[in-house]
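By written order: A, B and C. Residues from 1 in each chain.
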Amino acid sequence: MGFEAFWYIDLLGTFVFALSGALAAIDRRLDLFGVVVIAFVTACGGGVIRDLCLGALPPAGLTNLAYLAVVGLAVALAGCLQTQLLRLAQPTLFFDAIGLGFFAAFGVHKAYTLVPDIELAMLLGVVSAVGGGILRDVLLGRVPVILSKDIYASAALLCALVQLCGELTWLDPQLSAWLGIGLCTALRMLSLRYGWNLPAIRKVQ
Amino acid sequence: MGFEAFWYIDLLGTFVFALSGALAAIDRRLDLFGVVVIAFVTACGGGVIRDLCLGALPPAGLTNLAYLAVVGLAVALAGCLQTQLLRLAQPTLFFDAIGLGFFAAFGVHKAYTLVPDIELAMLLGVVSAVGGGILRDVLLGRVPVILSKDIYASAALLCALVQLCGELTWLDPQLSAWLGIGLCTALRMLSLRYGWNLPAIRKVQ
Amino acid sequence: MGFEAFWYIDLLGTFVFALSGALAAIDRRLDLFGVVVIAFVTACGGGVIRDLCLGALPPAGLTNLAYLAVVGLAVALAGCLQTQLLRLAQPTLFFDAIGLGFFAAFGVHKAYTLVPDIELAMLLGVVSAVGGGILRDVLLGRVPVILSKDIYASAALLCALVQLCGELTWLDPQLSAWLGIGLCTALRMLSLRYGWNLPAIRKVQ
């Protein structure tokens, strides 16, 4: 599956997720410690929940100094370059979509390798991808944004399903992750471009 | 203990809990993904926390497609029949009380079987029963309703204690679960009928 | 390391943390069950997260009746003596700072003993100390206070680093915990006395 080549995508995804956490925390006027915590939780929280559910302990996100360094870099950048970063929304969203796909694909791969159960792999793939963002929003005292709008978790789910086909060798395992990440990124960017949303369930008055 | 016969009560409890989650999520105008997540977390969240604390991994709630199917059914019904369901509050509350008792009794049974510790079994029995509802409310950005009013967790605790007597063979183990679920349901329905609440601790001005 | 002598500090820290949880829950007008839950989560939540991440299951905080008894005592006192306790803010904060340091030092010790990884021990030391307070605030529907102001988590981090030097035998292991707790308490009390805060990252308008 070429997970060596994936190492850079992993760090890139971690960086972009940490950036989104740091910017949200600064917006809420947290102090330095709070900003670092929110950035770290956003970047590593989904993977930690996945590893807890798999019994893959200690969670990988807590024992790898590279993640902490990347989070530190993201916080430093978010502190210095807020205005520029907010103007760069489009590229940030693009890298975020790549990170989202990567986390979903890698989550499925790790889960299915440790516990070959289809439902578990699918659920933990999505949790890996969106769990950090949900924890970020809960800690910031707001309803998780991915639960109320946008094609975001759905893009992660699509990528997880493609990767699952790879794990089951219905697709070439060398290919499935790249295909999943590509589809996830495309779906996410198209939905942003054209304002696609999942149907809401209409509330009866 | 006749846990084969309990399979249907388990699915019934899961269904009613998922229904309450779905209705609350629709009320908050979440999108389809959000409604499914909240319904699933409400139904399976307590059991997942229990299994994490017991090291019974992967958590049973994440590997059984029957739960996912029941949650899907609950979301579909909640979307189509909101008005009717809200009018059916009384039967819904009745089945919810049965589910509450079942989850508490089963939580105690599973915990005590894996780790024979009285305190742990009691705590995890209650967590199995009320953990999902607490997670639902946290994700919806509100103080968990069971922490502020109603005889709800107390009914689960009563059932957990009765079941614990069964595990310790102070009561007939064949009987304790049914007795606990019955007492829990009765206490819950009576408290709703007569407006019983736990005493609040008065806040000094 | 004299952890026998630490038993009393552990109970003292648990008691003071439970007291802060109980007072916050009463302030929010939760019922008796809610107050007990918040007090218990504040006191034991950080340790439970630590044990989940270490795979030290079942979590120690859920199997020791002494903690439950101490939490019950704290709730009883908080209910009866609110006015007096609020007047006693200064001593409460002092014991809270000691408890904070103790939980950080003990968290590092337990983590490093089970999994000798420096980053993990540091992170879980801080989580042991501040995780309960974060869970308390999330359950009460507010942004965790330690993420937005005060030298609090930083004092726990200082203590964790000193204890880590002890685990690595850069410092006398007999000494490091007492030194860490002392420094943590001093830093915390001085920051309260002189109004020190971590720098906030200024939000660009």
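Heads up, the rule we're going with is that contacts are C-beta pairs under 8 Å (C-beta built on N, C-alpha and C of every residue); 3 or more make two chains touch, one makes a residue touch a chain.
If you're wondering where the values come from, they're calculated on a predicted model, not measured in any experiment.
*Asks:* I need the rotation angle between the copies chain A and chain B from a CA superposition, between 0 and 180°, in steps of 5.
*Replies:* With C-alpha atoms aligned, the rotation comes to 120 degrees.
*Asks:* Over half shared or under half: which fits the residue numbers at the contact of copies chain B and chain C, same or different?
*Replies:* Different: when the shared numbers are divided by all numbers used, the fraction is under half.
*Asks:* On a C-alpha centroid basis, what's the spacing between chain B and chain C, in Å?
*Replies:* Averaging C-alpha atoms per chain gives centres 30 Å apart.
*Asks:* Two or more other chains in contact with one residue: find those residues in chain A.
*Replies:* Residues 52, 55, 138, 141 of chain A touch two or more partner chains.
*Asks:* What part of chain A is in contact with chain C in the complex they form?
*Replies:* 25-35, 37-38, 48, 52, 55, 57-59, 62-65, 68, 75, 78-79, 82-83, 138-141
*Asks:* Along chain A, where are the residues that touch chain B in the complex?
*Replies:* Per the touch definition, chain A meets chain B at residues 52-55, 115, 117, 119-120, 123-124, 134, 138, 141-144, 146-149, 153-154, 197-201, 203-204.
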